[in-house]
Amino acid sequence: MIEVRDLSIHIQGKHITHHMDFTIPRGNITSLIGESGSGKSLTVSALLGMLPDDAKVSGSIMYEDRNVLDASDQEMENVRKQDIFTIFQDASNSFNPSVKMGRQLYAFSGERVGDSLQVFNEKMHVILDKLGLGWEVVEQYPFQLSGGMLQRCMIACAFYVEPALLIADEPTSALDMVLQKEFIQLLIRLNEEKGTTIFLITHDLDIVAEAAHEMIVMQQGRIVETGKVETIFSHPQHAYTKRLLESRF
Amino acid sequence: MKLRKALLFWYSLLGLIVLLTVFSTILAPYSPNDMNMDEIYSAPSSDHWLGTDHLGRDVFSRLLEGGKVTLVVASGSVILSLFIGVVYGGISGYFGGVIDTVMMRLLEALITIPALIIILVFQVIIQGGMWSMALLIGLTGWLVTARIVRSEFIRLKEEEFVKMANMLGTPVWNILWSHLLRNSIPAIFVVTLFNFAAAIFMEVSLSFLGIGIPPAIPSWGNMLYYAQNDILIGAWWIGLFPGIMIFLTILAINFIGEAWKNPERRRVND
Amino acid sequence: MIGKWIGKRMVMGLIVLFIVSFLSFFIMQVAPGDPAIAFYGGNAQTLTAAEIERITRAYALDRPVAEQYVAWLGETVKGNLGISYKEGRPVFEIIMERLPNTVLLFSVTMFCIVIGSLWLGTVAGMRANSIWDRGLSTISIATSSIPPFWLGILFIYVFAVSLGILPSSGSGDVGGNGGMVDKIRHLIMPASVMIVTHVGIYARFLQESIKRENGQYYVKVARANGVLERSIRNGIVRNASIPYLNYIAMTIPSFFGGSIIVESLFAWSGIGQLTVKAVVTKDFPLLMGSIMVTGVLVVITLFIVDLIMYAIDPKLRKGGIR
């Protein structure tokens, strides 16, 4: 679905990523793993066509025959709106603090696909029920909900939108263990029920083991290893991957 | 680079205005109070560059002399408000607790009362000259300074080096002086600059209303006081030039203040 | 929650009014002659001994200063502000005649400034580094450096003296037969002077806070997820308007100060002009009354701003942070 070739990003003369090559196959859960500061978040920004103004990029990111790096802001805005849903790390800051959740859930889901408020109310009601969130969250403000609930609200929108691609950037790092498990189950469910392609960025091997089909290992801005999760777990090639796997137990 | 040039321009402009007014006695072609009844309301010409007023006095000479009065009053009041502001804000910020709460509540209440009203009240009672004007503006202009000093002190008090000094038993006055106050200077400088602009505004406003500096002493505000009537008979030059001088002075101060504010802001965020 | 919050604001307002009343009472104390007689201004000579006796009792003039203050405050709260020295009429009556003009001028200018600065600030703030952004930053400093009364003098020269299309002074109620149109014609110049010299600096404040808000995490999340730009902008403006309202509240006192001067210049017969007139003619009772009324006006305005802030900021309402 997405093919990244020779992607290098530098900001103010500092190299963030070096000659990255990887693919995100359609219908799978692909996981990008690496420690914090390895350039994962900036890679996500690049995929979304939302790099900061002072970033310089080379290489290509092909999204369905179209190079994201060459596309205009307007084109990328349309692509994001039509095909992609992104869940970010910090759920408690992902919503506008002074707008009611109902309005914001609508903006994140119904409004962007062009549904009326009535359609949204019906559809979202069902989804919230399914995710174990009461309908009353729509009457509340973000600061009245927990991080876990807010992250579930986000994934509720993803369920609503049924995007072609779901990008989840460290979605569980702010949640506790139980909530983490729950959230990963939701991602798997979305992948299995709707066939959504998921690009899951994390630093946690347990999550990779549990959810992903494919994995990409990243170290200090470089891709060191890619492949099927089972293959890499059983036969890691690169020293860094080996170290990661050893420290897991 | 471009910004630096612009800043240099504002420095030079302000410097020029100050120099012009400081050397007003030498530079002025006429004595500012010389009346010439044969030449009232004459428009700008080679004799009187900026024309004459209703008593035939040279507007250019009065402009220079008036600038001196305005700037001296503003400077005097700013020094006074700086002193009060530093002491009030310093006490409030350094001691904290109940003292701080009470002092800040009082300050909030005082800030709510238009300074102009307070000055009007005292002006009706004192009705003095230049210095009482400076005193009044100074007495009402310290509130923002106090607020800034307080927040700087509170911020600095938590810094490692101040805590260290406290533990090492450095005398209180030494901590206050060489740690808290010295490190607050950039912020105090910026607020004092803006205070200076506000003081000029206040002087010209009051004199313009006819209740500021006595009419016998020329000041930019006093000149505008007469300009209200002169403009009705078409003598635009009497009002135009003092206004331009006030505008340029305040403009220069504001741009310089903005330039100083920004690096300061960045430093605090880092 | 709202009860507690309003209570706190009311206490603050009362403290302010107390300070203003001290100021006012202070004038009465230092005014030359017998305070009671001063308070009854021009009518003092006509007072009989019995009336003087009555006034002395009402204001506790034979008692210590503190009791005098309480007595005076009591009369003031009842609406008895004394008699104008120059006009020989009750101060309360004069003020009530003037009040609508001041409220009109204030609400028209404040309304235009808020609308104008919301628009300018949003346009400039949402387009960082555009011409709008840089232009507003500079122009706002320039316009706020213009002394309003000087701009007023220039306006009078251009529109009243040279072009003759607008009246140079007054508030239109002298002849009393001009009606609405006449009132508006008189209002244009004082209002536009206040607007031109203030709208920029308010817009700039909003612009800065929108730019700050625009860099927030939730905005990035919304943009990444194809939320409509209109929805994003509305959310940003809503959040940015909280510090903006705070700024308005902070500057309202000096705004009132500015309108005193503009009222005087254009002879707009409002409270501001009245105050200056009272100072110039040393009409002490009138001055005391005008000061009290200005204080009340400021406190009421601030209270309204507070209420708007309360409505916009859910954190205040739900008792979250702050």
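Labels for the chains are A, B and C, by order of writing; each one numbers its residues from 1.
Simple rule for what comes next: a residue touches a chain if its C-beta (ideal position, glycine included) is under 8 Å from a C-beta of that chain, and two chains touch if they have at least 3 such contacts.
Fair warning: this is a prediction, and the values are worked out from it, not measured in the lab.
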Top chain pair, ranked by number of contacting C-beta pairs: B-C
Most widely separated chain from chain C, with each centre as the mean of CA atoms: A
Chain centre separation in whole Å, for chain C relative to chain B (CA means): 23
Computed distance of Cα centres, chain B from chain A, in Å: 55
Length of the line joining the C-alpha centres of chain A and chain C, rounded to whole Å: 52
In the complex, chain A residues that touch chain C: 48, 50, 77, 80-82, 84-86, 88, 90, 93-100, 107-108, 111-112, 141, 143-144, 157
Chain C residues touching chain B - in the complex, by the definition given at the top: 12, 15-16, 19-20, 23-24, 26-27, 30, 141-142, 144-147, 149-151, 153-154, 156-157, 160-161, 168, 250, 253-254, 256-257, 260-261, 264-265, 275-276, 279-280, 282, 284, 287, 291, 294-295, 298-299, 302
Chain A-facing residues of chain C, complex: 216-218, 220-228, 231, 235, 238-239, 242, 312-315, 318, 320-321
Of all residues in chain B, those that touch chain C in their complex: 105, 108-118, 120-121, 123-125, 197, 201, 204-205, 208-211, 224, 227-228, 231-232, 234, 236, 239-240, 242-243, 246-247, 250-251, 254-255, 258
